[in-house]
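First subunit A sits with subunit B, and in the next complex the same chain sits with subunit C.
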Partner chain A sequence: MHIAEEFMLHKIIPINIAGFDLSITQAVLWMWIASVIMLLFLFYCSKNMTVIPSNRLVTMFEVFVDFVKKDLVESFMHGQDVERFFPLIASMFFFILASNFIGIIPGTYTPTSNINTTAILAIFVFILYNVLGIVRNGVGGYLKSIVVPGLPSVLVPVVFVIEIFSHLARPLSLSVRLFANMTAGHIIIGVFVYLCLMATGAFAGGFILGALPFLASIGMYFLEVFVKFLQAVIFAVLTAMYIAGAVAPEH
Partner chain B sequence: MDAVSINLGLAQLGAGVAIGFAAAGGGAGMGILGGYFLTALARQPELLGPLRTYMILVLVFIEAQVLYGFVVSMILLFAAPKH
Partner chain C sequence: MMNFEFGLEFWTIVSFFIFFFLFAKFVVPPINNALKEREKAIAGAIEQARNEREEAEKLLQESKKELEETRARSSKIVEEARAYADDVKNDIVKKAKDEAQKIVENASKDLDRAKAEVIAELKVEVVNLTITLAEKLLEKEMDKTVQTKFVTEYLQKMGKN
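So, the complex of A and B:
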């Protein structure tokens, strides 16, 4: 299939250490490029911080940082936790934003359209919030906080088992959501372009019929830009929500 | 007709059915959500800000369920054994 080849990984520099395949694939390469671009932007903006933003780029990043702090972190956390977890959640947000947006350039590879990238992010969040919950509340307190308080004692074991499964499903849904959104967008654009090529090549004057899927692919492209931003926001929101639920279960 | 092509055809049929039902369920869910969002907005237009945030959050949860169906159909199309 033509469309599936878009998502195949090619090794650029093969590295093999003790049986583990640590090759530099194009996913790794574009992830580094995206991270470096985002870091350069952020360094530039932090060097040029003034009360009144000096240019448009600084204004844009101030809006982003403000959005992450006010809308994402402060709506779930309180007091000291805001300052403590804001750098983590902002890093997550900007990394995923850069990784998503590097893929809208034709010819690149979206790092987050590979399940490995999103899975390691989601597993990191899962381990982090469980460890934080145990450190803050103790093992007993954390296990107790999993079950909603005020239940009849008969229901507590049943709800406990259900909640354990819902916690285990969290990294799965977190990783598959980001991965599938990125993959699906690219595949849909690819299908529309493929339809356009098919209609154009089928008969003389087929380009009139082919213009329709071409216009649809442009529309999908703009939807993709929105979805890429939204998925970064959703990942950051869910990270903040899970950490806040683990460290301060009474809220 | 040999067994290989029947299995491949069934996998492709299953992929289509999977994404079709997933999209149908997701569409029904989004319709219900959008309808209630507009109802709430008509009653209290000043709540637009917080309501929109929550609507987009729930919208993404619905969309994730559809995308699980998409992942299943992609597995059926590309990753399933061909024979």
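So, the complex of A and C:
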């Protein structure tokens, strides 16, 4: 048994179209399972919202929706943009949340612990906010909005170059942050479990020594639950922030 | 996990788009509807509460006014009753006084009359006594009428003195 094996992709249904490998791996399968569970939860809850909240599951859903709307969208956007971008930010949040949380079930695969998953989402966000910025402000207006207004004219080209690099770094940081957090938690749990097994198998009574990493792995598991939620929030917050900064630079 | 996997990227973005589409199409409208409905219900409840409070205030004001009026009316009634009672009392007292006065007057009138009668009788008695006395003194009979005339004249003279 090797920890790295846990993160390997196995083709479940090999598909190859025009030289592109579009095989369904366990990452894709678990992403779908997570998405379907999440969508069923969202459908059920949104259909069962009542004037006076009475269902606990629906109340939890409402807390999530309220959180996304108030803290993730309204903190950065104003007016009509809130209604316009809420579905995107919320679906990004719920999609990543589902993908993150499916991994807490042992034996599953966390789709977001693969860099390809997070990278494509980050690239999508990058392209989206740049396109939105150009559509809203025009190419010139958008390029001008990249530099903070009110700078001395000498500094403008320098800051512009720095800002371009910071923009280019955004998808990288966005994807690596999510991927690394999702991977690291699993690796640490794996290491602890490995240590536990090694200690237990090494000598008689080794399970006493092995109990330590075992307990640590349980603690890590709960920490990971928190991190999974946190990373989904961070991804959605940054998406909202980038889009808001592009469509309405004055705010 | 760090290898480039075109398939995973492709399926991720496709899955996300489908997820987004389904979310925007089937989850967001019910949320908005429910929130709108809740907003309406809350606004309605607030409005209703405000109306009810206004109505209650109006009723309170009315009942206060009514109480005030009733109090004023009752005090007026008491006042009137007192005045009437005073009238009646005065009337009765006056009547009683009058009655007493009348009784006293009648009594004094009766007394006067009795006195006069007594005096008159006394006079007659005195005359008779005098006559008898004179008869006895003179030891002779006189004409009764002359006697009477004589005594009366004498008495009148005495009365004048």
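Quick note on the criterion: the second predicted complex is superposed on the first by the 250 of 251 C-alpha atoms of A that agree within 3 Å, B and C clash if a C-alpha of one lies under 4 Å from a C-alpha of the other, contacts with A are read in each partner's own complex, and residues count from 1 in each chain.
By our rule, a residue touches a chain if its C-beta (ideal position, glycine included) is under 8 Å from a C-beta of that chain, and two chains touch if they have at least 3 such contacts.
Small disclaimer: the values here were computed from a predicted structure and weren't measured.
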Partner chain(s) touched by A:90 [first = subunit B, second = subunit C, both, neither]: second
Which of subunit B and subunit C A:49 touches, first, second, both or neither: second
Partner chain in contact with A:71 - subunit B first, subunit C second, else both or neither: first
Touched partner set for A:183, first subunit B, second subunit C, both or neither: both
Subunit C versus subunit B, contacts on subunit A by residue: C
Partner chain(s) touched by A:209 [first = subunit B, second = subunit C, both, neither]: neither
Subunit B versus subunit C as contact partner of A:195, first or second or both or neither: neither
Overlap of the subunit B and subunit C footprints on subunit A, listed as residue numbers: 179, 183
Of all residues in subunit B, those that touch subunit A in their complex: 53, 56-57, 60, 63-64, 67-68, 70-71, 74, 77-78
Subunit C residues touching subunit A - in the complex, by the definition given at the top: 1-13, 15-16, 18-20, 22-24, 26-28, 30-31, 34-35, 37-38, 41
Touching residues on subunit A, where the partner in the complex is subunit C: 7-9, 15, 20-25, 27-28, 31-32, 35, 38-39, 42-43, 46-47, 49-51, 65, 86-88, 90-92, 94-95, 111, 113-117, 119-121, 124, 179, 183
For the subunit A and subunit B complex, residues of the former touching the latter: 1, 4, 71, 173, 176-177, 179-181, 183-184, 187, 230-231, 234, 237
